[in-house]
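Encoded as structure tokens, here's the structure I'll be asking about.
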Amino acid sequence: MVIMAASTAAPAFQAVLERIADEIGRTPGRGRPAGYIPALAACDPRSFGMAVAEPDGTVYGVGDWREPFSTQSVTKVFTLALDLAREGDALWEHVGREPSGNPFNSLVQLEYENGIPRNPFINAGALVVTDRLQTRTGDAAGELLAFLRAESGNPSLDFDLDVAASETAHGDRNAALAHFMAAYGNIDNPVPALLDQYFRQCSVRASCADLALATGFLARHGLRADGTRLLTRSQAKQVNAVMLTCGTYDAAGEFAHRVGLPGKSGVGGGIIAVVPGRCTLCVWSPGLDERGNSVAGVAALDLFTTMTGLSVF
Amino acid sequence: MVIMAASTAAPAFQAVLERIADEIGRTPGRGRPAGYIPALAACDPRSFGMAVAEPDGTVYGVGDWREPFSTQSVTKVFTLALDLAREGDALWEHVGREPSGNPFNSLVQLEYENGIPRNPFINAGALVVTDRLQTRTGDAAGELLAFLRAESGNPSLDFDLDVAASETAHGDRNAALAHFMAAYGNIDNPVPALLDQYFRQCSVRASCADLALATGFLARHGLRADGTRLLTRSQAKQVNAVMLTCGTYDAAGEFAHRVGLPGKSGVGGGIIAVVPGRCTLCVWSPGLDERGNSVAGVAALDLFTTMTGLSVF
Amino acid sequence: MVIMAASTAAPAFQAVLERIADEIGRTPGRGRPAGYIPALAACDPRSFGMAVAEPDGTVYGVGDWREPFSTQSVTKVFTLALDLAREGDALWEHVGREPSGNPFNSLVQLEYENGIPRNPFINAGALVVTDRLQTRTGDAAGELLAFLRAESGNPSLDFDLDVAASETAHGDRNAALAHFMAAYGNIDNPVPALLDQYFRQCSVRASCADLALATGFLARHGLRADGTRLLTRSQAKQVNAVMLTCGTYDAAGEFAHRVGLPGKSGVGGGIIAVVPGRCTLCVWSPGLDERGNSVAGVAALDLFTTMTGLSVF
Amino acid sequence: MVIMAASTAAPAFQAVLERIADEIGRTPGRGRPAGYIPALAACDPRSFGMAVAEPDGTVYGVGDWREPFSTQSVTKVFTLALDLAREGDALWEHVGREPSGNPFNSLVQLEYENGIPRNPFINAGALVVTDRLQTRTGDAAGELLAFLRAESGNPSLDFDLDVAASETAHGDRNAALAHFMAAYGNIDNPVPALLDQYFRQCSVRASCADLALATGFLARHGLRADGTRLLTRSQAKQVNAVMLTCGTYDAAGEFAHRVGLPGKSGVGGGIIAVVPGRCTLCVWSPGLDERGNSVAGVAALDLFTTMTGLSVF
């Protein structure tokens, strides 16, 4: 892995990032940080960082690209990959791969479909994936953290236990989802233990640089940073497809439309994205739109694909 | 435009098509033709054709690739493009761009969202697009037919008025959708006139060769066969994005997963697909799966992307 | 039938009615007339009339009790009785008897339940009843009018064809319901012909005196004014039960709570109610609450049961 | 209170009960006991008992009328009355009074209506009532037990802690409901503590004689057996109205239709019913129909109202 300082980066990506940051910096109105957890609400909405990682580990960045932030739902991509690597297609009997067509924590569709969540990125689906990874490893959150540390090359990555505790205290809706699926036999672990794993996993703090690097296996068709295989080529394609169709809550269609890349957002304001075979990206800015996606983050990715022509379409 | 006979085609695509046809030919179990219209139910489920068109108009084909079939919902892509070319982004105030998360003619979501359909490929959304094109042209179905004839270079393409009459006789569900949206002010034309346009448009008969060529503007980033511009580059990307996220009814996620290309299916058994910048495809086989997509068609596209590596992911 | 002038009525009911009118007259804030039809919107919200009919045809009244108004959904009770008298329990295979738990013209529940409406008083259910009566009589609206004239002893009762035409012009939602049920095979007649019957039936103008008398068969356990039997005792009980559980749109529970009588309201501001074995009532005041029930009408019935103790509970 | 042996009872009610038992005894096909709890599944489906209590405490009975059974949801009536007696109309801001129009533990409607259950007899609504009674008394289940013992004159009534433990072990769906409403701020107590109260309350074992007597306050317009007032006359009417419109899960309309009395059923096979001012009833037979109501119980109540003419309609 070669991390390059922003000032000495190769012209192409670095120049693009600087133009994006410049453009974003001149745009007012960036939405509002998530308000339901004090640690998120306290973020400065003017923060903005963006990083691009090439498959060989070269990283380019701009703005607050080395500042750790709360990854939240961005981690759902990694947990999905870690479980898929272990159990393969059997996972898809417990969680679907279709867009939900509903706000991200709706119970309605779950009831229609007998406790099988539509996809692994709505909260219900992510709970199922964590539950299964927990059953297979005994420590889902620990597996995730070890993976992120290894892929980013940053051993200081860690949980934010204050955030996890805060989420637990406001966790009634996720508890309802988990108990509801348990009633259908689609959750194996005791609900309180599952929620503990789930909220710790969401609490990981990492920077744009860390996450762009950790996402690299999706640009490398399944290979980890050290060249070993995490996912088959087909599985890597599956994860990219789910990100494109389901990665940004109820705005996946608009995201595909504007950005045209597989992506996954979190309420901490981070978004990761993949240009298969070419590079991975992470952008962060805490102000969210009404559907829970970073306003400046989506705008920055839109600019990136417009400037580089690197959309999948 | 250069149409090449199957036997003299350039090796790459032609060889791939022949291997696919061979593989499909050895696979039993191809689903059942749509049963609600006699003309569709009478199709031979063993029919199979596939064509690939390059941006310059070169076409490769295999099997029943020159046999006309009932295009049905495949035409929704062209109607969308024709209206988008005329009214631009204003269209998106009347129809969304998000996957529906529900079977293709559900009324539930339409009611939640005040008569604005989720996307232009569910029936409700296609009715809105046809209604708007009708208002702008006075003959939506005629515009579509003229476009398909010009792009395919086949002046014999035509409506199948028996099929259109048969659909009208079973049209209560679409009539319900249209009246329902009219109650919300989202339909301009009288419902019977709109349904007449809509069912005629769905009744067009065309072959795999015709449709692969007619879809070419999406591989050419918006340019028609004669080099004039139909859509802006950004609009062409929009159409591709909607096809990827919403083009195959309630199986868009699985299609993205297996095939990984923008595509649009119809209950006549046809599917069109796009490799942006590289080629367009059309496959046809009348046997459908339970979600209304051609069983052999999806399998053939899956083989195509596996053999060529041409997925967008 | 003995119609008594208000001034010479027997003391009990007459005195109660006068106290009620006095109380209502001193209450400000009576809601707003239905706005979607000009003829309804033009009503004076201060209008108020109330009538009580004894099983022998004696009528007491107060205020605008002899003023004709637009009966609207109040007529659904009579159409139900006329069809039930003809086909008996077979009707209940085409329409349910359960409260809808949703606003009165929702499509959602209809879709869940395969085109069988929850009860005969939501619009979908009333369309089914009218459709069936039309099939059996060839003139559903004419049958209704003849019945109302005979039971009220008022041969001048008639349709208001301006109101019917106005409803037809705004009839997209009912057209959607009818086509939707036709798609499930639960409508026999052509939709435009059915809607014509339906809207004419809703357009009948009648007074509180007329309707209190016409409802008499429900207090007489199924006997018409002339002593002939319309419904069996059990069927009369069925109609009363449906009125109590489903007669006031999404407020049936609250109506049972406050009033405690079988009742049926209409957006013209009328409400009919039954004290089985004792009397029938009709109250009219055009101002509606947000759920479509007459504000002063519900208040007057509440006062009536409180003053007389005549609730069924 | 005067409990009369079956053999010496006054002729009217006693004779009716004996004719009903005779009729029921000759009817095959009585449904199946609830299967989700071993203690319920083990019941003999041929068990049948029925009791009628007059307002003065005279009780008539037939069959297994003195056999204790698992009261389950029948207790929701008493918990509602106990809380309504304490907080009055303020309760109705936290739970509605409208039929649910959905199976008894659906989450869909709860989500539409922001965590306010439709009525106090669906599980969500009963959880809210228990939560509020718990807040006011510190021991909701204990209050209920004391009330039932006092009104029935049977100090041996008690919880069945095995049944309560069994329900807790299968309590994921109720846990989901409680957490879901807690997320909307409509639950005050910790969910595990609330569920403990709720399941103990449902586990009370009582006989037809006990429950017919304990329901007496609803026939006495709010007065307890000792003549003290539990509910105002208006509140007693409210409880009867909610029983009639919402007391038998998704079959309230059909129950009103066939029986025509305020009633409340439980999955233990018991049903209580009220003839305001005249008597209260309890019938028990463990075989249930598909909607969770006792097959023989509903049939027996239907016979009762047919034989006595005591329907409210």
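A, B, C and D are the chain letters, set down in written order, and residue numbers restart from 1 in every chain.
Going forward, contacts are C-beta pairs under 8 Å (C-beta built on N, C-alpha and C of every residue); 3 or more make two chains touch, one makes a residue touch a chain.
Quick caveat: nothing in here was measured; it's all calculated off a predicted structure.
Annotation of chain B and chain C: not jointly contacted by any chain, touch as defined at the top. Identification of common neighbours of chain A and chain B yields an empty set. Of all chains, the one whose Cα centroid sits at the greatest distance from that of chain B is D. Separation between the centroids of chain B and chain D, computed from CA atoms only, is 57 Å. With centres set at the average Cα position, the gap from chain C to chain D is 33 Å.
Remark: chain A and chain D have CA centroids separated by 49 Å (rounded to whole angstrom). Residue positions of chain D touching 2 or more other chains: none. If you sketch which chains touch which, the chains form one closed loop in which each chain touches exactly two neighbours. Against chain C, the residues of chain D that register as touching in their complex are 96-102, 109, 118-119, 236-238, 240-242, 244-246, 250-254, 256-257, 260, 262, 276, 311-313.
Touching chain C in their complex are the following residues of chain B: 106-108, 111, 172-173, 175-180, 182-183, 191.
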